[in-house]
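Heads up: the structure comes next, in structure tokens.
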Amino acid sequence: FSIKGNGIGNGNGHCNGYSNGHGHCINGYSNGISASVSSNGVSHLPYSNGNTVHHSNSNGHIHTSPSFGDGRRRCFWYEEEIEDDLRWCFALNRILHTGVSEYQDIALIDTRPFGKALVIDGKMQSTEVDEFIYHESLVHPALVYHSQPKSAFIMGGGEGSTAREILRHKCVKKVVMCDIDKEVVDFCKKYLVVNREAFSNSRLELVINDARTELQSRQERFDVIIGDLADPVEGGPCYQLYTKSFYELVIKPKLNHQGIFVTQAGPAGVLTHTQVFSSIYNTLRQVFKHVMPYSAHVPSFADTWGWVMASDHPLTLEAGEIDDRIKQRIKGELQFLDGQTFLVAATLNKSVRKSLSKETHVYTEETARFIHGHGKASYQ
Amino acid sequence: FSIKGNGIGNGNGHCNGYSNGHGHCINGYSNGISASVSSNGVSHLPYSNGNTVHHSNSNGHIHTSPSFGDGRRRCFWYEEEIEDDLRWCFALNRILHTGVSEYQDIALIDTRPFGKALVIDGKMQSTEVDEFIYHESLVHPALVYHSQPKSAFIMGGGEGSTAREILRHKCVKKVVMCDIDKEVVDFCKKYLVVNREAFSNSRLELVINDARTELQSRQERFDVIIGDLADPVEGGPCYQLYTKSFYELVIKPKLNHQGIFVTQAGPAGVLTHTQVFSSIYNTLRQVFKHVMPYSAHVPSFADTWGWVMASDHPLTLEAGEIDDRIKQRIKGELQFLDGQTFLVAATLNKSVRKSLSKETHVYTEETARFIHGHGKASYQ
Amino acid sequence: FSIKGNGIGNGNGHCNGYSNGHGHCINGYSNGISASVSSNGVSHLPYSNGNTVHHSNSNGHIHTSPSFGDGRRRCFWYEEEIEDDLRWCFALNRILHTGVSEYQDIALIDTRPFGKALVIDGKMQSTEVDEFIYHESLVHPALVYHSQPKSAFIMGGGEGSTAREILRHKCVKKVVMCDIDKEVVDFCKKYLVVNREAFSNSRLELVINDARTELQSRQERFDVIIGDLADPVEGGPCYQLYTKSFYELVIKPKLNHQGIFVTQAGPAGVLTHTQVFSSIYNTLRQVFKHVMPYSAHVPSFADTWGWVMASDHPLTLEAGEIDDRIKQRIKGELQFLDGQTFLVAATLNKSVRKSLSKETHVYTEETARFIHGHGKASYQ
Amino acid sequence: FSIKGNGIGNGNGHCNGYSNGHGHCINGYSNGISASVSSNGVSHLPYSNGNTVHHSNSNGHIHTSPSFGDGRRRCFWYEEEIEDDLRWCFALNRILHTGVSEYQDIALIDTRPFGKALVIDGKMQSTEVDEFIYHESLVHPALVYHSQPKSAFIMGGGEGSTAREILRHKCVKKVVMCDIDKEVVDFCKKYLVVNREAFSNSRLELVINDARTELQSRQERFDVIIGDLADPVEGGPCYQLYTKSFYELVIKPKLNHQGIFVTQAGPAGVLTHTQVFSSIYNTLRQVFKHVMPYSAHVPSFADTWGWVMASDHPLTLEAGEIDDRIKQRIKGELQFLDGQTFLVAATLNKSVRKSLSKETHVYTEETARFIHGHGKASYQ
């Protein structure tokens, strides 16, 4: 018998290890949990700072004794409403931390199927076991396609994972991360151990501000600008950062020559890509000469996700060239992306491709399209 | 903004142990949380050791700022399978503590509709806001109907609430509580602050043992024996403690002259009373001269619950006499029971009454009836 | 193997009406299904027009072959949100019929735990296996306490069950049922076979109108007026029919000398009775000389339910007198109520009794109290 | 107000009233419902036999009046347990038909997010809005890579969709479909209108038998053999049809020179591909010279799905060649697949690719791997 106030539970004084407390515990997103190897043979190195990550195991221990709920019906659940007629539910081990900001609710939870997960306003933001798919896809293509990126600006990104991935590029000298919600940033700094190093990296400048205001007030331009914003949700503040005028008047003037812009672009599945993905793509086509939509299935989002990269400089690389640049520039090994994977991600299936080619909608402040509470979301 | 790692969350500072609290909090089931007054005007004094108890409030603070999930769709749930085709789901604030014993899983959770709740093997055992109904009903009638109870034996009862209620009787000199699961007892001693005083009361003798073995090995007899056992669940160990032979050969010989036996007796609703209630009643009728079934609706069990009191001594008191004895003998005020309430609880509705009068089933080891995972349960 | 488009599904061949089933079935709420006897030994005669009713069986057949989903994890569910943090979920066999009116959504479903159930706006109205508790409690006390009731007026009651129970009183010559929602009434006439006879009874006058308008426009007075209205829900139309002025200015003038008014009064559990029950009780106390609150646990509502009876004539009967009147006046046998049961229902437990005695709130149009989507509800 | 027994319900013919039955209803998978155009701009022609298909609309009517549950909280749900700690829940409009066979439960339901869906043993088999992804991917690559396929054998496939897709190939003269469960086949013939034409096609030979027995007993060989079997589920019969010896001793001898075998191969997502996909791939590598794994995200399965194609003849075609063959050979237009899409599907991402290259497990009867109730499944 083990009282798990500690193991799963709570902190205290000088607990090191995995106590989710604080005191002096210092390492690990996973709160210092070493963990059983994921059953799929994937090692998620960057996420867990050198620890392998648990997938199916309740608290990361290799149990010799039974652990809570093993082999029994689950009774604790996290339930996400993807659409009002579609739910996605994960068995819960623990609700690790919760917080409330001026803008949103935030929680760090420990789920059985996806490990630790960051939830904002009832929407899954990222999970321990597959956030690498989202963040590698968001960050590395733009930086790799750029011939020599030295500076990057992140709109949103308060979780810290986007900054973490950018900082793996040795050539990048400066990253500005601009998120509007100080509390989310503080929460993530405190609890997402996997990003702790990134948050304290001297190349990172962290700003709490509205992204538009911040960009407009700055003198410098950037090699890469990354939109890690909430989806355009009705009533949310972010949809204004997906409009043609914003791209034209705010983003483009702040890109250096040969600069590249990339944004997360919502669900891109066969059934969901017309919610916002096709429209973001078409809007960027109005503003940039070269626009490259791409997508990948993110399991914890229960959908294929989309990103769009755009530039006035041609975006053409062979798989081999991509692999070479990844090898030369990036610290550590990528888990999801390589040259072949990216070129495949950028080749949409017939159904989505046809649909994008016919899209005529352009985002303006008057004609925004919105999305129901879907996955990657929130702050800016 | 408040990071609730503290309030809801986890310890820090010098908090040792599992106190989900702050700094130096040392007492309180509610983990040192004071709390807003329940919206129903009921004050639950005994449960919270002098603190009023929250009902609808997430963590007991009187918020001036919004608290997590207020006004939003709930995303964390506790789900109980009452039958395999019937579920009862409570929004969760926190999973406070979890543990595993040789026999069962145990958890202390903080729910929105019912406050803190003890869960064993996925079954709700008792909740902060209504456990007084179950425990007052289990304990006080037998003790009050006895002319002068000095000793009591509890079969099961590891949660400690049954002992707590018995110890309110000033005339009781000795309480033996015998539970088979040391870990459950340790868990409850540690986390159920409301019962902490009872656990350390010098009149309480706590034994870890099988109730049958313990009773048989003892020389002394008791004025009152209380069955606070798990329901007779298929495959569970407890159904053998509901049989005619057990009542005849083990219980009865250990009752003093005029002694009274009482047992929880499972669901007693119009639709559920034939699962086990009517049969326990009928079984006791084979063994004792006077048998008194009674019931009350326990909201968190989603059903009317049943108890059966039995004795060879007549069980007859007027409402006024009951009230007088309660006043004379019991420390503090009861919340649910008084003379009138008990006489009503012991007057079953026509549908249940008819059904009980026709019951012919008798519990033996060969002919046990079982119940699906329903409410009050577990250890012995 | 049986394709159950038939068995579970609905009609075919010459089946007219909604008979789920077979050939020439013509009567029965249960749609002509004979059925296995309920496991609790209760026979629900009036509900099923002479057929016994299934409880745990999926479609009323005594299967010799396995039936859908037997012994397997359930995958179809009806989910009711009792509060926004409390859910009650029934495994579904079928969604039998659905409809939409100007005011509300309506559905007749076949559930595993409670048999067929009428759902309006996502709230359980009544279920095959326990509606007798609600309707016997609503109707018979007022009619029995009246020395010789000849006429009754129902506010709401579109389901038809209230009328059905009234019509069992041989002395009643005229029942006026006034519901605002024609579609609900038509739906129930069509699909609730158990009430078909009542709907076509010549003593019943059915009016589609607002209850207030109807009462005010009528010349005659009634011996009994019954409020079978929706709970006072925020934004709903019904809360105005729970106010002091309504009782004083509309109800009272339409009661004959010695007339009795009774209304359903919302949840009356230990944790829920202050939502509206205590206030409806206190409001009626301002208007009538004699007011009698009573309650009973209704399993499918997951709560104890309340009713309040009021008159300027004393309301005092012994259990034996009640039994005599039931025997003399009512056709068939009641399942839930008899003299003892009613007197018990009218004796509230200590916790609720205290709370009612202290209630000071009076319903006015300005100071209404509201209830979350709880059980018995809807139209008027 | 519209009573939707019809609209949502089913057939009609001479059935009057709302009987969801059949009587003489004769047309339509969608039960004669035409339907609103899917919101994503995809037209699903083949599935609905010339009717466009609804996606977000409750019953396919273009409502001028509100429809059931619009704008309200959903209360009817289909819940699938993907893993025991992961659920996927669709709001339900109707449970259209249910049946029970010797082997399994079967249901046709109408869901809000995915339209009509076939469910076997609580597992989603295919849905109206995205089954084309699964079935185009299963069928067309093997047939297109073959230089001139004249005959095909389907193991399983009782739903009929696999046969339907094969029969679109003009060069195919004979299709043998061999499913073990007559009742499933009968159910699908009766209710899946979209496949009705395929079921009555004279080029189709339908056999009820075990696939192994059937193949072994036949003299002829086939150009293409397709495994549309249940996943290898513990206790299920199908895992023996994924073994090395089966491929070697049963499949291979029945393939013509240049013959191609293809099988569905379970989940192939980043987190799930090692459940069975990598092992099926590796097993086929032991038996065939050329093995081509490929995958695509199937939204209603909540995962990326995998297939493996294998042959002793080289599998190499350019995108343009694939497009040419599709155009020449296939009747109508494919929705999901073209040359580019297939080549992308056959290029796995880095994470999965690495993992497959390292896979050493080989399916034998002694060393099978199993899968929890995941998606495409079931009979044969």
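Order of writing sets the labels: A, B, C and D. Residues in every chain begin at 1.
What we mean here is this: a contact is a pair of C-beta atoms (placed from the backbone, for glycine too) under 8 Å apart; a residue touches a chain by one contact, two chains touch by 3 or more.
Small disclaimer: the values here were computed from a predicted structure and weren't measured.
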- prompt: So which chains count as neighbours of both subunit B and subunit D?
  reply: A, C
Statement: Expressed in whole Å, how far the mean CA point of subunit B lies from that of subunit C is 33
- prompt: Where the centres are mean C-alpha positions, what is the separation of subunit C from subunit D, in Å?
  reply: 47
Message: I'd like to verify one number: the distance from the centre of subunit A to the centre of subunit C, where each centre is the average of its C-alpha atoms, in whole angstrom.
response: 52
Contacts with 2+ other chains: residues of subunit A: 73-74, 77
Message: Thinking of each chain as a vertex joined to the chains it touches, would you call that graph a line, ring, star, complete, or other?
response: ring
Touching pairs among all chains present in the structure: A-B, A-D, B-C, C-D
Field: Contact footprint of subunit D on subunit A as seen in their complex
entry: 38-42, 55, 73-74, 77, 83-91, 111-113, 129-130, 133, 269-274, 296-297, 299, 302-304, 334-338, 340-341, 343-345, 347, 349-351, 353, 355, 358
- prompt: Along subunit B, where are the residues that touch subunit A in the complex?
  reply: 1-5, 8-20, 65-69, 72-81, 92-102, 105, 107, 109, 119, 121-122, 182-183, 186-187, 190-191
